[in-house]
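In what comes next, chain A is part of two complexes: it sits with chain B in the first one and with chain C in the second one.
Presenting the complex of A and B:
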């Protein structure tokens, strides 16, 4: 009881004293919270309200209930966009992780100029999609003037249409993203590799284990938290793919690269159907939410290893 | 033997990652129409700066670069400042609701930007912010990720410095500027480099908020050039120019990038 009383008196420092220690909280946190409410919380809630309305940029708004949600479940193109997005993830996630891991292993193997090469592999990460897409469009040009068609020609393969072929375009876009993102997965893996205790390797070497065996039995399993984390980050990133589809294919050919965000952009800002775009954005949000919750469930515990 | 294979692999991969950039720079020195492109058009042979002269013929490209600087540099400095203060508040200050507010911040990170952009477009139309810098600056003056990074960093620093300064009669604003800010400069630099790259490279938001050509940042401007000019070299010259600021930032702050990526994920 006595202790409690003591605590209470301690909390009741004179106002001036409390202000001296906490002025910064009042001065900066409150404006930032107002900013947060205006630019994050309000739009998030307002967007949900929008899905039940017909919102026109000019003219009246009216309540339409579930109309847009019902249309969403019947909209074949929306489901195709979700499917394309899913397929993009399939083409993109595992190669990005694998290449990132290989790059990290090489950098971490004690080669010289490791820092220099790390910089080179990381360079595409900081380069804008617009620049990479401009180059990619030419590299994967559908005629014989593109470098990749020349390259596969050396192996006797006929020139491919690439971006103009509805069965290849999405894969070419995935390739672009792999090139752009592998450098950042490399950084995650590099950090993971460095945190593996060296004596584990020493012990395995003394036991006469081969390099391959050491990798699959020690390195790879110990990187498990990194695998999970990188998988989640690349998955969430892949659901939001937009730039390359907008820049290179415009969603085509035959809607084969219409991803969910590209479709959302088209519906909202080309067709000016903002309410339906809001429905699509909530669909995207729910998917990302589910993936994030899975992350919380599994990774929250696993990272404790380090 | 094994060493040689590793080095060969390293050099081959390095070449693959670097080649597109090489083609960009060398290609920018060639005036060539799309129809005449061949796989090795970029190999230097009678280079010219004609593409660059063409780009600078009217002021529009420089205007795009200028716009990009405006919508990048202001958020970079304000994010460094506000994220440092907020990181400090959430790491060291005791006040009601601290954990709840931070938890809400971390939950909101999960909301994709694409969801917020539709209501924000409607809001900004009301504010008459469309085709103004406000639309791209005001929402970006601080960032949750930056607050998270600074908080992580400061949680690892003992309170002793602060306590000593309080005893000397300093108030917490003095403590922030004299002690905390200098201590957290590395992580604040990380916040700044991240802000620079994400704002300089952003395409989606300016595509929606900026509809007049003279308000485009360089990403949107360059995108409008893609395939339009009938001369691949011009595209490459524009790419090279817009790449220079990113490249310089990368060259000088590479360490902060990689450290930031590691901090955001692994701790």
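Presenting the complex of A and C:
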């Protein structure tokens, strides 16, 4: 940290000199900055302008002030979609992190055919979402012939409706996302595990620490930067969940799997209510921003190893 | 050194400006046919080469009459709405594009489509099937001409018909007939039919609603869904689900192909695609029945039409192209390749040798294209949610229909 501060003060040259020193860098940055401005900054700002208009694709656009924002606060469906998204995160984030970590521990444990298992665990990540979702929908078919229903039938459990049941559908969709994403969190954790110095483990062993203790006192805390990164990425991913609802349930039954992104897609591209969709996307943006800031405050601190 | 560098920056900047300002192709003024138009079509079959040949033929037919260039651009189906919307918004879109019934009134109401009536003054429309024209009109103005149509009806599995002791020559015609068969099928361990509750309502509630003599909403914003006929349709769906005539997962199912293909279902609601699938696998011996009737004999069938966006800079040529494209000769060419049903009676002769397609073609007169209303797409998920709630047993048909009506009123009110 200290080193950083020193650097900053040393770099405080007059603007002109700094510019001359780095001019060539800026030159090479120009193309990418132009691209960034056109495809990122402009849509971002313009969509904010959209929220105050009744924007039509062709023809006259009308200024309507805060109409869409006020409607957002009264729109029960939007709040239901936000709640569904929140519940989805609850079902999704911790299991994805836990399963990713467990898988990473397995392939890091020196088990035989570790490379093979790594490939198997990673397979859902590289498979097209549409394919994985199709398989998932087939596994969790709500009729007696669905595979999972057949399996639980062996234990005498009644066939479940799964995606056709408003109290189960969201959990089944979360399961799909966990299955799809856990492989990539595994890779992050695997990299994290590799970077923990071996001598810490040796020292612990010499001190006679049990395997559990080693995990909770060394491995888990030293993975903190990875926890932070994975937590942010899965949180953002969970707030942006869209495709599984789009592919498997169409947002139903009775809006129980309508997530905020699914809802804004419907508003924007089915109902052509682009201004209101922009409001929803800003609401989502602020939520993700706030959650990320909170996460950064609480789990994002640097971990000093020694 | 400094000067040289500034010059370099300027040069790069200028290059970007030059690239950004691409020139728009010149176009003809109003009224005159000529110049160049761009037409957005979709891959209607899996055979791109055959389709290219088809478009070449159609363009040649057009150019025999008119001196104008036509560029066909094949746009993949996925996210087609977004593609069209963004292109039109950027004033960079096609001069003619393919539209479907629920899209047309929405676009027309937003002022995005060119009214075609001025170009149709001495144009003979009598050859078109009436139901196909329904979807091209909004508030008595014509915005497109139809090229293809479908009709959904029941495809019955002959083996199941025999298993329940019925006669494949004597298929159900009314709700009561069908209910009797459904009950028998259920008793023998079959599902009666499919119900894709997670998919479009055009394949689920709407046909029953129309058969009961009801409607969702009129063009004058009168909400009809919870009148007597509406409740009757909701009740029928409820009955089908409670009695196990349709699969347990029907509330959100997107397809029931596996059940139908394994021969565990009496009938499936299908159209031309169902027919070609059945014919290509050849595993199920089937027979096609007529669309059911309760008060009226109606079914669903989409219509494909070509429309002209209002911001085209060559409206006359675009309109003439749409007229030529949908004439009888070109409809034959188009539908022979794509195996859809022509929207002109005279072009239906392409199916003279194909009895199944001829049978489906004879049903297009009963096929409504869905809810023709700018809010048709908005209100569909609302009705769907209420229907799902009813099927979950949380609302009665009357309550579900009433709530659907309330949601629709709220949606059109603002």
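We take it that the second predicted complex is superposed on the first by the 260 of 306 C-alpha atoms of A that agree within 3 Å, B and C clash if a C-alpha of one lies under 4 Å from a C-alpha of the other, contacts with A are read in each partner's own complex, and residues count from 1 in each chain.
Rule of thumb we're sticking to: a contact is a pair of C-beta atoms (placed from the backbone, for glycine too) under 8 Å apart; a residue touches a chain by one contact, two chains touch by 3 or more.
Predicted model, so just to flag it, every value in this text is computed and none were measured.
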Clash or fit, chain B versus chain C on superposed chain A: clash
Contacts of A:106 with chain B and chain C, given as first, second, both or neither: first
Partner chain(s) touched by A:272 [first = chain B, second = chain C, both, neither]: second
Touched partner set for A:137, first chain B, second chain C, both or neither: both
Touching partner for A:150 - first (chain B), second (chain C), both, neither: first
Chain A residues touched by each partner, larger count belonging to chain B or chain C: B
Touching partner for A:250 - first (chain B), second (chain C), both, neither: second
Touching partner for A:159 - first (chain B), second (chain C), both, neither: second
Contacts of A:169 with chain B and chain C, given as first, second, both or neither: second
Which superposed partner A:25 touches (first chain B, second chain C, both, neither): first
First, second, both or neither for A:44, with chain B first and chain C second: first
Overlap of chain C and chain B interfaces on chain A (superposed complexes): 23, 27, 57, 137-138, 141, 144-146, 247, 269
Partner chain A, residues of chain B touching it in the complex: 6-7, 9-10, 13-14, 17-18, 20-21, 23-24, 37-41, 82, 85-86, 88-89, 93, 95, 101, 105, 108, 110-123, 125, 138-139, 141-142, 166, 171-173, 176, 197, 200-201, 203-204, 207-208, 219, 222-223, 226-227, 232, 235-236, 239, 242-243, 246, 249-250, 254, 257-258, 261-262, 265-266
Residues of chain A that touch chain B when the two form their complex: 20-25, 27-29, 32-33, 35-36, 39-44, 46-47, 50, 55, 57, 103, 106, 109, 111, 117-139, 141, 144-147, 149-151, 179, 183-184, 187-188, 191-192, 225-226, 229, 233, 239-240, 242-243, 246-247, 261, 264-265, 268-269, 274, 277-278, 281-282, 284-285, 288-289, 292, 303, 306
Complex interface listing, chain C residues touching chain A: 5, 8-9, 12-13, 16, 81-82, 85, 88-89, 106, 110-112, 197-199, 247-254, 258-259, 264, 309-311, 375, 377-378, 381, 384-386, 388-389, 391-392, 394, 414
Residue numbers on chain A that touch chain C, as the complex places them: 23, 27, 30-31, 34, 56-59, 71, 137-138, 141-146, 159, 161-166, 169, 247-255, 266, 269-273
